[in-house]
Amino acid sequence: MEKTEIVEIAQAELKNPILIEGLPGLGMVGRIAVRYLTKQLTAERLAFLYSPHFPYYVVVNKNGAARLLRGEFRFWKNATGESDVVFLSGDSQAQTIEGQYEVADAILEFCKTHGVKTIVSLGGFRVETENTPKVMAAATAQPLLDKAIAAGAEISKAGNPIVGTAGLLLGMAHFKDVEALCLLSETRGYLPDPRSAKSMLAVLVKLLGLDVDLAGLDKEIEKAERIVTRMQQIEQRREEQQQKTKEQEEDKVKYIS
Amino acid sequence: MEKTEIVEIAQAELKNPILIEGLPGLGMVGRIAVRYLTKQLTAERLAFLYSPHFPYYVVVNKNGAARLLRGEFRFWKNATGESDVVFLSGDSQAQTIEGQYEVADAILEFCKTHGVKTIVSLGGFRVETENTPKVMAAATAQPLLDKAIAAGAEISKAGNPIVGTAGLLLGMAHFKDVEALCLLSETRGYLPDPRSAKSMLAVLVKLLGLDVDLAGLDKEIEKAERIVTRMQQIEQRREEQQQKTKEQEEDKVKYIS
Amino acid sequence: MEKTEIVEIAQAELKNPILIEGLPGLGMVGRIAVRYLTKQLTAERLAFLYSPHFPYYVVVNKNGAARLLRGEFRFWKNATGESDVVFLSGDSQAQTIEGQYEVADAILEFCKTHGVKTIVSLGGFRVETENTPKVMAAATAQPLLDKAIAAGAEISKAGNPIVGTAGLLLGMAHFKDVEALCLLSETRGYLPDPRSAKSMLAVLVKLLGLDVDLAGLDKEIEKAERIVTRMQQIEQRREEQQQKTKEQEEDKVKYIS
Amino acid sequence: MEKTEIVEIAQAELKNPILIEGLPGLGMVGRIAVRYLTKQLTAERLAFLYSPHFPYYVVVNKNGAARLLRGEFRFWKNATGESDVVFLSGDSQAQTIEGQYEVADAILEFCKTHGVKTIVSLGGFRVETENTPKVMAAATAQPLLDKAIAAGAEISKAGNPIVGTAGLLLGMAHFKDVEALCLLSETRGYLPDPRSAKSMLAVLVKLLGLDVDLAGLDKEIEKAERIVTRMQQIEQRREEQQQKTKEQEEDKVKYIS
């Protein structure tokens, strides 16, 4: 494998398809969102993306089966709406600069081959906040951006860089006659953040007119918040312990003196 | 995108064109200079340079439009003088060694295609000084260097390396039958340095016989100097605070003893 | 040398061959195992693998002869069993991400050319334990995994990454119509670990029905354990010395006070 | 420039030529040796080697002329002996792993084109010693090694890696039907080490039957040793000063107590 390759594993006639990309990134927001949608819509496997720019290890599943890191395309036939949806998530992003451009290029070429004219890429946007995560939007075309605003997103602030595949798909879209929108949801980014993903999905399902219930994410959100609380408690106890040790040492110094 | 690409967005018949390159670098000197000239001369867009060796993110503008990092060529028709001018500035330099050579190669190939026979590359030269920045010159041909000296530059000291695109354009010029001059203006290099850019522009406009008023830079210079002053004050206060804390701690030690 | 190359140095008609790979890795477990087998079976040289992704130095032997780092294929004609064996060990793994994929690709291409349908890759698995090392297995096909379990291996836990060539051979096997099994033996991984290699070999010889006496490894194991013991003693003495110095300094502080 | 390129700048009919390579490395030993020989023999320029794997800057000479980093081939017609000599020195080695293999490959291809059948590569070997530097030898062919031994070299110890171009030329020599010898001279390696280069040249001129007076290096050796002495004095004074400061502070502590 010398270059990034997309291996198709199903044939699908797709009606005016839209691609939704959510590879791993800040807070895993895009990946959580795409995985939730594919599960809810029981989207089927379409293709795998392999790249020599992914980390050089394989993962083992619970049956002892090993497989390469990869991106996974799934598709969903939209019986009532006007556009079928292709989803892209996966294990990793490319680890080198050139690899990042190469992977984005391969995805766009895949879009061209399958008649995808619109891409929505998903990612996280780092902020320190306790509030409901806001969703920012940037796009390559004004009408697409307007639709995102109408669905509840805000215009991304000028100067914000969008890093990785989510960004490059926008930057390189015009080379392949594709329009692209990026939704970035606020997240602290330390840990997988399903709450941020839920905010983003609220915008996305409205934007695409999808009939998907987001309540299924609440359990994951609760679990994630329990982890955060526990980590904060551990941190606090550690600090108290340090404070105590320090005081004891100061007492000792006084004694020595 | 597998390689550095230059995408032309305008057709222009250029008369004996000269290329002036000022990509981001030390003190942003070259970029400030080129951006100032293109604004003053209302130079028009000619082409974009894209590279898989640029950082892998996109930038968003105030309208929420995202675009790839890129170099931007502009041109200016010189009605009275003997040479039209092509300008090159942009967002970034290549991030890898091979990328640096590839980008310089692409620029030189573009010069060849458009009949550019002379390149002036601009950059900063790191010194700690409060004086008016001096401008150093190095070149691939003696007559070109002589003209720079006549316009107020000094000969660059032997052994000075010229790093990045500004340097490689000189080093690789003879492969494409081009002559090249590099002007390096003194700068501390920490922050964008319009004062250094102004010194350089004084040499450059004289060298090329351009009728450009440089007073427009003074406002930017003033602003940059206010930033430096403020940063120095912050630094000074921080040091005073540290001194005070130290004295208090020494008092405490005496007390304990 | 622009790409990884395999240079054949012998012609061999191989009967239903199996490849056993043990390049350097954690605890050198795979390499020790392969080297032991090739010595016991007096396997003959078949080919060398060279790569521009190996470290850029040469090694010198005791006669002053210098040679490139390389992988070495050896073969063994299995007079009584149903499969001949090809072994792969060597000096190094590829040092870059793309190099790792390229080397694995070259090995698999070599397998295809020589009719190898089954690969067993060997590696170490990091644990802190004093017990007899357990051997974990992962595979691309269930029957192969079942055989490994029957020979004494356990199923590798889900989520364990298998890093480097040992892993990529599994991940990329299906591109070349090959089946692959990976055996990972527990090791602390700091030092060459022949005890871990012996555990792995016990599984491997049973799995392949090889008649190889493993007692020859005991001397190496003893030697390795003497080294570990000596290192622990040095470490302990160092700690005692530090403790003593600290106490002396505390005495001094009391005296000063 | 996408790949390493060798640009010929002179035509020379060479009689049974030998290549002597001394690119920058440990103690600059190889480079000092080659530069001394080319000066003494007034060897003429033959070709330049350029590579996109060299550092991405240009150097400026005392006339303000800028040029790319490069390797320089020179040749010397040996009127009385049986072999003409081609020398290779330069500014830098390749900065990437693949670049190192690519540059060595280009040099060997150049050898093939010009009928070079024997290469002597020169480098430094790190030791802490005050004695006259010994010269170690490794080779791809026994007769060549024997000649080096006869000329005063010792056989390099087993296991010594030879890093960079000096090593890879040996490792890759057999791909181009060339024989190669490497001479490594002992050096501390911190600073350019003409004394080490002289030891090496003593072996080399004897080996090749060259009539070159090495006394010309003594001035450089003296100068290098003055620099080392001065640096040691500075270091010693700095240590004394630190000791004094420490004592003063201890006095202060006693006073405070």
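A, B, C and D are the chain letters, set down in written order, and residue numbers restart from 1 in every chain.
The rule we apply is simple: a contact is a pair of C-beta atoms (placed from the backbone, for glycine too) under 8 Å apart; a residue touches a chain by one contact, two chains touch by 3 or more.
Here the structure is a predicted model, which is why all the values come from computation and not from measurement.
With centres defined by CA atoms alone, the chain at the far end from chain C is B.
Between the two copies, chain A and chain C, the Cα superposition rotates by 90°, quoted to the nearest 5. In this assembly, the C-alpha centroid of chain B lies 36 Å from the C-alpha centroid of chain D.
A separation of 51 Å divides the Cα centre of chain B from that of chain C. Chain A has residues 257 in contact with two or more other chains. Chain contacts in this assembly form a single closed ring in which each chain touches exactly two others. Looking at which chains touch one another, you get A-B, A-C, B-D, C-D.
The part of chain D that touches chain B in the complex is made up of residues 1-2, 52-69, 95-96, 99, 256-257. Against chain C, the residues of chain D that register as touching in their complex are 97-98, 100-102, 105, 137-140, 142, 145, 155-164, 167-168, 170-172, 175, 180, 182, 253-254, 257.
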